[in-house]
Structure formats: structure tokens, C-alpha cells
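Chain naming follows the written order as A, B, C and D, and within any one chain the residues start at number 1.
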């Protein structure tokens, strides 16, 4: 209970550090009978892999996931599913420059103060690399939800620094290294990021994800609202500093007559709410946005303190992602899938035999 | 486990509906020996009470909290603390206009689809009134944290519709019905809201809260980051649609050299992170913002469907808050306090005997 | 999280002390649509009430339960159900004889050492009176399970001191003050207990409960076996010192050829296992036994220490149950019901759509 | 949440099947700074290893545990600790005789009915082999508790079939294949079990474990009593059918004057309670007994049904433990350690700053 578990019924417990022997997860509560092979997970893992392009950092590991348990004769058994990825790249590096000082913007100082010491190799437990395990777990949820209830999730980069992006062609997001959903804007992003790299600086980003085919009724009215569970999940991603559902922060400026989504027999007239009302899914598309801070590892020198509190200068060497947001899309998708899977099961537990006289207006009859 | 509990060690489980017999909470895990009387809770409850001014809705209930258990001879015993507020105002109203149709923007439709029917009296479980219990629970955390570690929390209205507000005089927030932290802007808010009321419309808002005196080390590196726990808590407030930590959504546009907070022996040079690094508090002020959507109950007529899916028109009668954000400050504070209390205990459990050689740069030596 | 909650999906969180203002529970996760009125709970509460006969202690309270929330128009809404029983009997007693010394066999000393002080009025949180809340919660589970899946639970006194009792006529257990399931043995019990009372002593007991109509498949293969969950629940009852499933401790002396229950198309040939195999219900009757220690409050003088550790003599005055086991049957039943309800929902969540080609041999075809 | 996690603060989540690729656990919540190497875990694993003698079954695997995460420079970091044991022995066996029929006394039938199919290889998830992971996790708790608070745990075989054993020489239990605590009785056990093996039958057993140096105050007064948590943990061990604390089932026959443990300034006069009062440890030795059913795999033919419900005969071939109890001691110890570790942290969280004026009578002054 140091908070390495997400979910209540479909639970994902992760372990591993950037440069330890291996990382992985235990996925518990998966329904039995789901056809599952390692390739199902590998596809999602490939999407987030480092080194996919020269715009992200250079760690070239295969990231091969192994299913250690919970699958028999190609189907999930209902038992806990052990997942593991060996850290091939454990070569001894030179950490002398950072082991005795705290990189600004990183978790170095807070780990030191919480635990009394820290695993300084590549960020230790706070490395973005750990999200491989989350992505693998999300792939299980993805397969179940798609096959059983036709729910699908997709995501894209919706902002990078000053550049706002519209989902002109969402599928295109998976065909370029920026997860950019607009073919016309790729060149702009490319130039911006090359320029950034030359300056040794980094930039923030925003990622958007949408779930389609969500059944109405998922979530809870009080604390475990679907919005709250999504906020928790998304803010649990490295570098996340804001989470928005539907219109998000813009609602603070909206009028009631503008925000509310009217209902008709053929569906809602708009979707300012982002697919949730009172913490419960409405059947509309569920829409979530995550703002991610710029990479803290930059080549611009800065000031910090050392282990004894003395002032020292620091500069990060080596190559790092100039924008962590570029790799966040698969992670945001995985988190969205894990939350929806968990609440699909929770809803079935409590309300599995409920019948409403009111038709589901979000589904074509 | 329909999600009416928040917290892992300091847990708050609430119950009650807008027009049921009573509402309340069970607070479990409170350390023993804390001096506690009902007046300690009543103070916070008064702050959020409806009817405090003509700018919020008119329910005039005393909201008197009773402590039913867990306190003996004026001190907490370590047992679960039962809290109850009777609903004095249960008078029979005329719900005929809404019981068979779904108010747009409300949880009516989603409750119907999840549970098969709904408690249509005043919003039922989804009423903002339920937050009285949360506020009472938060008051226990407030007292403990202030007395034992000197941690304090305060909040204010940081935006209402088009009006942005700076915390020019934070203490003034508690002296005006808008929780406005700037004496010079009260008149502007007053005019805006009167105008809104005349139009029968409503508006969104943003609330900001800050925790001061937070010890470094609270939170966890992976899913249960302090940011994630705050996001969950805040998004669990009625009408919340976005949560931001520190610079929030603005980080998507920031450069790394701009965002990172440099460390010095005398503290951090800035606080873009909002008091947390890698999911763990740094000792800086913890800063959180919540965007709340406009009240859905407005007098502007709109379209919806009835229980059988037929189109019908709807208009809300009676007086309602034109801005739910005006009452959200005490709730946001309570949520912040509950999360910090929970993580204070969690940190003591795991790291109670940790000593760091590095000085706490956020505390004057 | 001071352990006042039982259950994962159907959760019961209790509060209250023997002589505080009130006691109660929040029941969360109950499916919506269950018809429920206070009389449904009152029936079970009456069964456990003190003062029902001159064989148990003399507190004559009405124990009237109020439903504070979660029920609308006579049906559960899916929201948390608040339950409360006011403590009518809070009259000031003379605690001078026990407040500064620790009654042997009671929780006095351990409360003092854990919390630094204790609520000495009638046992405080450790009073058996608190189980009223558990019994009320169990009554909700009882109604749901009986109405929806035809599952029923009953219990009886299976031992008192040297007297072993067989369930000759189980229904008779509810018609005598001993919960004795054998009409021919009541007189024997009566004489034994009158004799005990004359000596000012007390005696232990064993209670047995059985669930009939349990569907196969409830429980989990690893830690949360149905046996383990029952053991936890039963050992959570005041005075419980042993829990047995099926043949219980006797299995330590059995041969494999004697213990294993053979399967036939018409059911199992025996039920040594007590209705569970590998932690999962088989569809057979689920059988659990609980051994309860003798009442610690006796009129035989004994030695103890005072608050400062000095030796002092102690003798309990006032009338107390000579056998706590006499009131335990409704509590054991409630615990069994709560565990089964929780696992019924858990099973539906994970395996709600599972179909087995193997017929259920425990059900007549 | 299929119940593969034990603990609330010190949590152990296990995965793996008898003949899958690997088994293991994620241990979360371990305090930082504990010196830990794989050899610390291996010692406990060796104790439970199959094939240690000809009295237990013949699987000859090395059972080498790997620490995958959570340890850096020889010390725990506070991050989740991944543990893995590869299943070296995955050779293809002939399961044709059991894959289409249900072994009586095994979890075969219940797995089929719960999940719709089952992993029939060596018991799948219900194999006793899985406890390797639990034992490894327990070894971490053992090291922490011994080093930090001087708490130690030991266990022994206290009964096998008709043979009762007294802890004449507890340390001797680790020097013979029966975990027999009495050197004079080993020969008797040996003869009994050889005879049993000749008959192709099996027998039940009882295991006892004791924790010494337990601080007073661990546990909770209501559901999460230390007794209840132990009962849950112990009943979660394969084959367990009864759990007793202190005098256990015998309390049902005891008088109050006989059972209660009087207090003196130099400690308690007896320990019928087994080290716990009102669900909270008293500082006395904590004593728990577990009754384990006889091995279900025996060579005596029996009747069962096949996958379609038709009657078939079954006989188990291959060699199996004639008494599972012989290997249970290390598992019972591990469970006891995990529960105590969890509650040590829980107690520190809530009561970390409590001071009692009453001396601890169980510790020499």
C-alpha cells in the first residue's frame, strides 16, 4: 500500500525501476475466458517504446513482455496475471554527476526526504519507463472491452507548447512520431522540436483521449465518480499537472445555458460534459485531457543543492525527450482503459440485473 | 463499495440524500487523543451553509452536526467517529414537474440508467447538500493537522465566469459571500451575479486552495501520487470538471527552463510545481485549483426527454444558486485536508523512522 | 481504516460505543431495487436483543433502528444506507470501581496501551452491544439473498460448556432463549446455567451456522477464499477464539479416504468440507462453527493491576450474561450473510457471463 | 481484486500457477532502509521446499527467488518489491486422466463452475506450490520485525492424525523433516507415515505458531481484530479448515474463572487468550493453531463425475505428500509474520505518538 496499485476490481499492481533487473505488473480480477497472447500486449507497448524516432530519447530496448501466469490454453483463467519486462539495458553508467545532487523538477529531492536515500539510476521508481507495465495492463482491458462490449479508446497530442492541434484525422495520430491528429501540422511540430533540441530545452504538452461505445451507468455518484477515478488515474502519470473532463477548465467561464447538454430521443445535443453526468457515464463519448509539464532533464544549466544542502550547479547531459508528452498517448489510453474496465466490473456487480424503462438515447435503435 | 468512502487510513464514508431523514459520515482511523467537540465541526459547516447570503440558494436549515461516537471525555478515542446532521427541511414539495423527466446537466438521466429509478427529491444522493458531511470530516483533519504539525489550509474564489481574481488579501475571502480574496472586486462580482439572476442563468467558477506547512515526503511515487489523490478528491466534488496542481494546464505551454523550480539552501526559487515533485510533497505550499461548471438548474427553458424517452420541455422553477462555485471553497478545503491527513498517516506508517541527511530547505532553520 | 469496515463490494462500516449517544452502520454497495423497510431489520435485531430472558443480561432498551438514507419509496436506491440506533440507556453509572483498573479477560488493558486512554463505560467500542449494527446490516443481505437467489441462513447453539447439542430440530432454536436446536435438552441447559449463576461464574459456548442454497462459485482461490473470509468475519465477533469450516479441527485426525467428499451426478456423497473446495463454494451447505470464550465479567474475585501498574483486586458487580454464546447466534448469522452477499457481488463482477458445461450437481434438475 | 492480495499497508500480491512459467509476488509498503538480499528470502523458501525428504512429494526444483525491484545498494527503497521464482519443472505430463474429471477434495469442480474451465496442470492456481511466493514475502517481514523490534516467530507440527505433539524442544522442529518439536516422537511419526504411504492414504495435521516479542497494541477493536486478521490469513492456506487463537475450541468448555488471564505487575498469570484481548495484542506470546485436512490426492480409488456430469472412477497416480501439514509450518509462519508486519505499520500510522501511563507488564523493566 505504497500506492502501487490502481483499481478496485480490475487491479493493476506494478513494480520495477528504470535500471533494476525487471519491471512488471500483476493484473488481478480479469474475467476468465478472454483470449490473450503476449502479442496482444506487445502492440500497445510498441506504441510507447522509447527510441521509436529521433524525437524521443534513445534507449533502444526490445521491451518484450512475458505473461507469467493467469493464462492457460490461450485464455485468461480468472487468476492473477503476472507480467514482466526484463531491463536489458542495465549497463553501468556514470551517475557521479547526479547521485549527490538533486535535479530540479525531478523527484530526487522528495525521494531523499521521504525515504532517506534514493535509487538515482535513471530516476528509479519515478522513471517514465515504468509505464510500460501500465500500458501492458491496459492492453488487457482494451481487448476485453472491445470484444465484449464494443468499447474503443483512442488518443492524440492536442497541444505542444504554443501549438494547438485538432483531431482532424484521429487515426493519423498512430502514423506519426508526434501522435499528431492533423497531417497538415506535422511539419510545424517537427520544426518546433528541432529548434527546442538545439536550445537544449524542453516543452510541455497536452494529450486528449476519447472512449467510444461506453455504456451508460459506469461510475458512482459520490467520491468514486468516473470523473474522479479518471482524474486520479491521469494525474498518476509522470509529469501530469492538470486533468480535464469534457470542456474542462473552460467551464469556469461558461453560462449554464451554454454548458448543459440537452437530451433528445436521438441523443444529446452537445457534449460539454464529456460523457459523464453526476459522476456516471451517460453513454456519450468520454473525453479527457491531460496537461504534462516539460521534461525536467534539460541542457540549460541550473542551480540546486547537494545531499548536504550546499548550493551546486547542475546540467543534464545525455539525450532526453524534449517533450514527454510525445510518449504519453499510449499511457493515457491505458489509464482510461483500466478505469473503464474496473468500473464495468463494479457496475455489473451492483447493478447487473437492473432494467431501466428509459431507452438508451446514445445508441441507434 | 459504491464509492462512498474516501481515504485509505483516515477514511470518510458518507451517507444521506438531500431530502432523506439525515446525512452524515463515519470517520475512521483518526488518531486518539485529539480534543474534539461539535463546535469544532460546526465552524466549517457554517461556512458552506446555504442561505448565508442572497447570492446562494435559500434553504434555511440549521445544519447542526452531532458526534455520535468516537469521542470520550472530549477527546477522540481512536474508534470510528459517527457524524450526523438531521434534515430538518423535509417538507413535501411538488416534484411532479421533474419526477418524470430528466433535467439537462443533472445526474437524473444517468441515475435512471444505472439504478433503474431515482430519488428525484432535490437531487437525491447527487445533491450538493451531501457535502456537509465531507466538510464536517474535513474539520477533524484540519484540527489535527494544525495542532500537531502546524499545517493550515485556506481557499478562495479565483474565477467567476469572465472575472479572474487574485489572492490580494486571502483572509478577506472569509468575510464576504463570494469567498473573493480581493476587497476591490466584490462590487464587480455582485453586479455580475445580480445580472445573471435576472436572466435566470448561471455561471461557472474556479476555486483555489493552498496548504501551508506541509511536511516534505507525503504522497507516493506511482499511482497514489499526492497530485493524483488530490485530483481524485477534487473531481469528486459536485460540478468539478478540471483539477490543476501548481501551474496546471499552463504547463502545456511552458518551457523546461521556465517550469523547473531551482533549489537553494533557503528554499525553492519558484513554485510552478505547486508543492509536489514526483508525486511527493516538497515542503512548499501545495496549490490546487478546481474548475466548476455552472449550475444546471436555470430558468432558461430547455429540451429533454421523459422517462419513456419522449421529448419534453423543461424549466427549473424555484431559486437556485446562480454559481455553485460560491459555496465550493469550504468543500475544496475539506477535501484537501482529508487527503493530507490520510497521507500524513500513510507516511508515518511506512517512513516513521526515516532520517535524511539533507536539510528541509523549506523550513527556516 | 481502523478496521471498522467489513466487505469489499457490500461493505459495512460501523460506529458507536456501549454508552455513547448512538451506534450504527453505513452499508455501501447494496444493489438498487430491493424492497426494504425498518421492520425488515428490526426482526433480526430483536433476536439478539439483551433482556429477552432472565438468562441474559438485563439492559432493557428498545434498540429501534432507523434507516437514514439509501431507501426511497420503499426500495434501495443503490446509495449508501445509513443505519442508526440511539442509545436510550445512557444513565450515569458508577464506574469508579473499574475506571482505574483493568478487568481480566477484557480489552481494558490493551485499549489503554494502544490508545493511551479508554472509554471505560460498559466496554466502550469493545462492547458486544455494537453488534446490533452488524445484525441490522446482515438483515439487508439476508433479504436480498433470499429474494434473489433463494439462499437462507440459520444457526443454533451447538455447545455450552460440557453440553453438546445436535440440530435435532433447527427451527426450534428460534423458540427458546438458548437457541438450543434440541427440545429435549432445554431443561438441561437451564439447570446448568442457573447453577453457574449461583456460583457467579460464566462458561464458553459454540455456535454453528449453515447457509443453504449457496450457488457454486463464490470465493477466490488464493487469500480471499470463502473459508478465509468467513474466518475473518467470525473471529471478528467479540469473544470468538476459534473458527471451523465443515469438519473443522477434526480434519487433523482424519484420513484422506475418510475426508474427501465424492461426487455423483446427484450431488456429493458427504460434506466433510463444509461446502467449500479450494476456497470456492461447491453448492453444498456452507457450514461454520465459532467457539466463544466465557464472559469475562464474573463475580469471582480476581487479581489485576491499576492504571499505574500496581496490583489490585477486582470483582465485577451487576448482572452479566453467564454465557455470551447465548446471544451470538444472530451475530454469527449476520456475519455469514454479509460475507456471502459480498462474494455474490464479487462473483457477478468477474464471472457474470461464465457458462460451464458441467451441470450443478447440488441442484435438483 | 480476485483476492490475490493480503494486507492493507504491507501488502503481498501473488501470481503464478503450479506449471506456468513462473510464480511470484509484489510486496508493497515495505519501509525503506531494510538491508535485504535474495539469500534472506531463500532461507525460508528452503524450509518449505518439496523434496526435502522422502516423506514429502518429489518435485525437485531449485526454487530460486529473484528480487526484481525495490532494493538498491542492498537496501529496500520503499518501492514495491517484485519477487519471482521460475518454474523450472514445466515438463509436459500426462494429464489425460484428470483433465476431464474432478478429483474429490480438490478445487477442480469449483474452479470449473466458477470460471467455466480450469488449468488442470498440477492444481493450477490452487496448488500448494504457490505458497513459495507467500513464504518469500514473509521472510521480508521476518527480517524487519526481528531487526527493528526484536519480534520472532517460530512454528511446529502439533498433531498428525492421532499423534499429539508438545513443544518439548521447539528449536528441534527445524532439524527434522516433520517439524516435530519433540525429539522423542520422531520415530513414531516416521512409522505412522510409512504405514500410511503403504496404504496409499493420507492424513490431516495441526500446526502451531507463536510470535514472541509482540508489542502491545497491534490490532483493532472491531472487524480487523488481530485474531480476525490471523484467522483470515491462516484459513487462506491450502487445506486449512480451522483456526484457533490461544486455547481455541477448548474455550467453549471453559469457565470464566478458568479462562481469564489475571494481570500482575510482572505480567499475566496465564495465557489462555493467546496474546490478544479485545482484538488487540497484549504483549504476551501470540499463539495460533491451524488444522489442515488430509491430502486429497490419494491412491485409494474413488467416485466422481466428468466434465459432462457423468459418473466416473478416479485414482490418483504419482507420488504425493501423505500429509500436507508436513510442509505447512513455514507457510503458517509467513502468514503470521505478514499479518504482524501489516499491523505494526497500521498501529504506527494511527497511534505513533501515543504514550500510556501504564507500564508494559510483559516486558522486564
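The rule is simple: contacts are C-beta pairs under 8 Å (C-beta built on N, C-alpha and C of every residue); 3 or more make two chains touch, one makes a residue touch a chain.
Since the structure is predicted, the reported quantities are computational estimates derived from the model, not experimental observations.
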Have a look at C-D versus B-C and report the one with more C-beta pairs in contact.
-> C-D
Identity of the chain that, by mean CA position, is farthest from subunit A | C
Separation of subunit C from subunit D, taking each centre as the mean of its C-alpha atoms, in whole Å = 26
If you average the Cα atoms of subunit B and of subunit D to get two centres, how far apart are those centres in Å?
-> 45
Compute the distance, rounded to whole Å, between the mean C-alpha positions of subunit B and subunit C.
-> 38
Which residue numbers or ranges of subunit B touch two or more of the other chains?
-> 1-5, 8-9, 14, 29-30, 32-33, 78-80, 114-117, 125, 221-222, 346, 350-351, 354
In the complex, subunit D touches subunit A at residues 1-5, 7-11, 13-17, 20-24, 26, 28-30, 32-33, 66-70, 72-73, 75, 77-82, 84, 114-119, 121, 124-125
Contact set on subunit B toward subunit A in their complex = 1-6, 8, 14, 102, 104-117, 125-126, 130, 159-162, 196, 201-206, 216-217, 219-225, 227-236, 238, 240-265, 269, 272-274, 276-283, 291-298, 300, 302-305, 307-311, 325, 346-347, 350-351, 354-361
Taking the complex as given, what residues does subunit B use to touch subunit D?
-> 8-9, 29-33, 78-80, 148, 221-222, 345-346, 348-354
